[in-house]
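As structure tokens, here come the structures.
Below are two complexes that have subunit A in common, paired first with subunit B and then with subunit C.
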Partner chain A sequence: MRPHLAPLQRTSAFWPIVLAILLVGLVAGSLVTGAANVSALDLFRRGESGDILLVSRLPRTLATILTGASLAVAGVIMQTLVRNRFVEPATTGTGQCAALGLLATLLLVPGAPLLAKMAISSAAAFAGTAIFLALVRRLPPTQPLLVPLTGIVYGGIVGSISIFIAYENDLLQYISVWMNGEFSGVLQGRYELLWASGAAALAAYFYADQFTVAGFGKDTAHGLGLSYRTVMIAGLSIVALITSFTILTVGMLPFVGLVVPNIISRFRGDNTKETLPLVAVLGGVLVLASDLIGRLIRYPYEIPAGTIFGVLGTGVFLWLLFARPTRRV
Partner chain B sequence: MSRTFCILGLCTLLSITAFMVLGARGNWDFILVFRGTKLVALALVATSIAVATVLFQTLTSNRILTPSIMGFDALYILFQTALIFTLGGFGFSTLAPELKFALELCLLSAASLVLFGSLIGQGMHDLFRMLLVGVVFGVLFQSLTVLLQRMIDPNEFSVVQGSLFASFNNVDTTLIALATPLVLACCALAWHKRSVWDVMALGREQAISLGLNYKRELMIGLALVTALIATSTALVGPVAFFGLLVSAISYEITKTYHHGPIFLSSILISVIVLVGGQAIFERVLGLGATLSIVVEFLGGLVFLFLILRRVRV
Partner chain C sequence: MRAFRWAAVILACGLGSQIALADALSIETARGNIDVPRDLQKLVVFDIAALDTLNALGVSVAGTPEQVFVDYLKPVAKDAEKVGSLFEPDFEAINALQPDLIVAGGRSSKQVEALSEFAPTIDMTIWGDGLLTQAIARLHAYGSLFGKEDAAQELEDDLNSAVNALKAQSAGAGKALIVLTNGPKISVYGKGSRFGWLHTELGIEPAIEDVKSSTHGEAVSFEFIRDANPDWLIVIDRAAAIGQDAALAAETLDNKLVAETTAWKSGQVIFLDASKVYIAAGGYQSLMGTLAEISDAFQKAN
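Let's turn to the complex of A and B:
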């Protein structure tokens, strides 16, 4: 097997380099794309063009990268903890629960500060995901596809509660903003929460090995000297935080957390600690690309990045479903 | 059995009366026509969803899959949007509604025969994979629809707006004249072939060895399902879990494998839930158009319950 492995090791720098080039190109493209004509060099000049870059284009670009990276990382955490390749915040009801929490704050404590809103929606996301995990534990391990199926329907049920409440209170608009990821509203001063989301994703990197061990199950984790409960809570908290930060700032982008880790694991295997940075970068690249496509396809109008990603993401998801026949997923 | 049907029939009559009478004030000539049209439309929707779901579950020999879960109605709306996209809003609205409907129906039939005919042929061993693929197809069709809608000129967009959510409150009554004979014909054919479906329900191998032209009957069944789903979607929009709710209740209370009683009871239950529910929600609770959401909620719970129960057995 040795000689077979050698070329793989030699080319291990290939993907990081490709991703880095892609990222730089997309960032440049994102900075110069928009209704106003601006060149990237204006960033270093004073004047109106520089302001457009600093206030609108740069924050938007950063927001897309942060969202994509942290959602992809959240997907990896979920997949490691549940030990199922097809779970992520959008297929486990996490996003719908976070939105339900936000809706509750909006109705019950309308004047709540941002921090309180965040706390309640994260708590709701956490609780909702915990319920999902309890539900999934009763499913047989021989039916891995049942897990995402249950999750999607569970999310739909929670979502219909939100829609019912929102409909009767004329708040439907809010729900659709939360559930459809879009970056056109991002301006300086209105996206900074996403840095916290990025920080949560970074924290996940340091826990990566523990997540992997916890994924082996309670007994194995205990046998290896790991506090299963603590790691589960840490992992779920990170996922809940990332989900609610993203929903509150730009809205939910479904399938990012599902598609990105699967692509990376196809090419680079499953060593979480090693692949997590790649997953984050690819997440950023894909979401930024979706946003850019959305801005260009019907220029100067915009199509939400979430819509573009919805089409691409479900396409990749279907490919994954068919390309991985019944062997363990 | 006959007692069950007596009770169901009574409840149906009660729902219809409640729908027609509750909160009615003023000129009966107007009320009868206004509410009568809506009643006919709702009954059409209820009937098509009930028959289509039962039939589809027989064709796929399981009681969890429904055409809506497999993305049939999302596909219909995608085609509608694609038509507006290619013809332009003006071209679309000058088209006669009958022609439009016929065009969409043809497109949908062709696509569903290709897509689901092949899926049903080979993928049935793995039910959960089928289900997941169907759900994801639904999401994909929806995203594509939203994408197309966004690419349509905002002025033209208003033509399609609102068709993505089901509403039993705003039934598209212009299509009734066309839909009524279509639904009746489909139901008559489905009823006529009820013993064929009984054989189909035994599974592919048994049906073939009993001398059934399985492939032909499968295609006929799928065509019926497509026509019925297209009609109901054209009238009210997509309803993912409603059919499942109805068929599950119907299997539960009839406890039979004969399609005659199952068809009948599911149609009656469907009418009770839709018409009675709409009467209660609209006239008694004053909750506007939210019946569809509650039905989806209940249907979703039934779905989860069914798959969890199936796993435990």
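Let's turn to the complex of A and C:
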């Protein structure tokens, strides 16, 4: 029990309502904010300015929400499968492997269609995450912090391979397009892949309970009549698809999958099936807020949403680490 | 006898330094005037703009970077020894070559101190608003260094007349926005940036007065371009500059927001040869090429 929060916790509708209000406010803010100087009224009139809404503002708003929501869900899945709260796709090599896959397509089959790029980078992300899971299984269960540390080292190694290849081929600035997540290039027709990422996140909702069981290990899962292998493959696929789709469209946004699930679990516990919608909404809210701040600080120029989230996310993460409530039962 | 020997040594030293002085030549570099030995047989060049201008003057070069990016310099690089990349010199190869002078600059300017261990090294960086002025200064420096003063003067005259002709054209051409595309993303450049000379020295009017300067431009959205509404878009495709054509600049810019600008509506979009203006900027041949590209576009619009 946490006395200071008790009245709030009793009404289970409190957090959903707060998040809904925040989301509506931010969406409205995002729709009226942009480099084009159009008044809020003109925005909704038909004609030239109506185009701005449909071509630029709405796609960008949707893109940030979809990205945030699906990355946060991917974070939950990783954390459930690994049974460790301090991992997420961007710190366990998944993102780095997806980027490496993209770099490989760029160098080996430069003119490859989008579908081929998607397939190769998703496959690379899948393989990379599977390797991480295999590594982690060999770690002593008494040392939970070894898991995120292994992830960071592993991700660092894969990332440096990409950077080395890019350096040798003078592609450093080019791969920064994937490494720094930002939404300035988002337009109607250039973000729709993120709906697929959102769909993968939705699929995760139906598997949520099975991920939790699989997290307890092979034997427990089999004991409860669950095909461990199938669930693991499903989980890894969802994580790999979300990661590679978002990197391909807007770039890597680290910390989202780490910070968001931790905030929610702090207030609402760990029932994955129940908290997953909240995680998704909070992910969307925070990434949208980061992008909005990035649009405003140096208006009309932009600061990447990934940078803003990195700063905010680090702050929140430190708060989570140091302000963990002591048990008062 | 001993006194005589000492006198001889002192005399020899004096003579030696006299000869050294007579053989050195003071030339203008990016770091002020520097004395450079006169009799240069073996030259290693670590800057594409320098290689470009030296090639225009007909100076032969013993060592070049592996990648020169610009088509017209590829034959030069093919005949020369490979001495590493612009950012990472191959010191073994340079040592083996024993050059008399190393010309660095721009991307390799951070290596000047390291390169000085092997041979006298000059920093011939050309950058930013005064690009043309600096390019002409470098041209004359190379001219006097290799005894090609007349050739240098001829090239300068050609360059000046091309610049003046373009200035006359750009006077009534309208406002332009310089856009760099990097895959699906864009950034803009203004006065004071690496492409600022297009505005300050060629007299092309900027569509946005106060774009802040940074090496890789200011990240903007397509809404920014729509609202800046330039008469001309000057586009540099960064990926094309380094030989990638995965996402073409035209594809990136072809969208409903850019389509609303005067530039797009009237087909006044100039796709510059990125290897010239981005990699070899300030080299004589690259300058003439870029000037011609802009001039042709202005010509067609009239």
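Quick note on the criterion: the second predicted complex is superposed on the first by the 306 of 329 C-alpha atoms of A that agree within 3 Å, B and C clash if a C-alpha of one lies under 4 Å from a C-alpha of the other, contacts with A are read in each partner's own complex, and residues count from 1 in each chain.
In this text, contacts are C-beta pairs under 8 Å (C-beta built on N, C-alpha and C of every residue); 3 or more make two chains touch, one makes a residue touch a chain.
Keep in mind that this is a model prediction, so the values were computed, not measured.
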When the two structures are superposed on subunit A, do subunit B and subunit C clash or fit side by side? clash
Go through the superposed model and pick first if A:Leu146 touches only subunit B, second if only subunit C, both, or neither. first
Can A:Gly189 be said to touch subunit B (first), subunit C (second), both, or neither? second
State whether A:Pro110 touches subunit B only (first), subunit C only (second), both chains, or neither. second
Touched partner set for A:Val177, first subunit B, second subunit C, both or neither: second
Contact-wise, after the overlay, does A:Ile52 reach subunit B, subunit C, both or neither (first, second, both, neither)? second
Considering only the touch criterion stated at the top, classify A:Asn37 as touching first (subunit B), second (subunit C), both, or neither. second
Who does A:Pro304 touch here: subunit B (first), subunit C (second), both, or neither? both
Subunit C stretch colliding with subunit B in the overlay (listed: 45-53, 63-71, 117-125 or 189-197) is 117-125
Overlap the subunit B and subunit C contact sets on subunit A and report the shared residues. 301, 303-304
Any idea which subunit B residues touch subunit A in the complex? 126, 128-129, 131-133, 135-137, 139-140, 142-144, 146-147, 150-151, 240, 287-290, 293-294, 296-297, 300-301, 303-304, 307-308, 311
Flag every residue of subunit A that touches subunit C in the complex, lowest number first. 34-37, 48, 51-52, 55-56, 60, 106, 110-111, 169-171, 173-174, 176-177, 182, 184-185, 187-190, 295, 300-304
Mind pulling up the subunit A residues that touch subunit B in the complex? 86, 135, 138-140, 143, 145-146, 148-150, 152-154, 156-157, 160-161, 163-164, 167-168, 254, 297-298, 301, 303-304, 307-308, 310-311, 314-315, 317-318, 321-322, 326
Within the complex, which stretch of subunit C touches subunit A? 67, 182-186, 212, 216, 218-224, 226-227, 238-239, 242, 244-246, 252, 255-257, 260
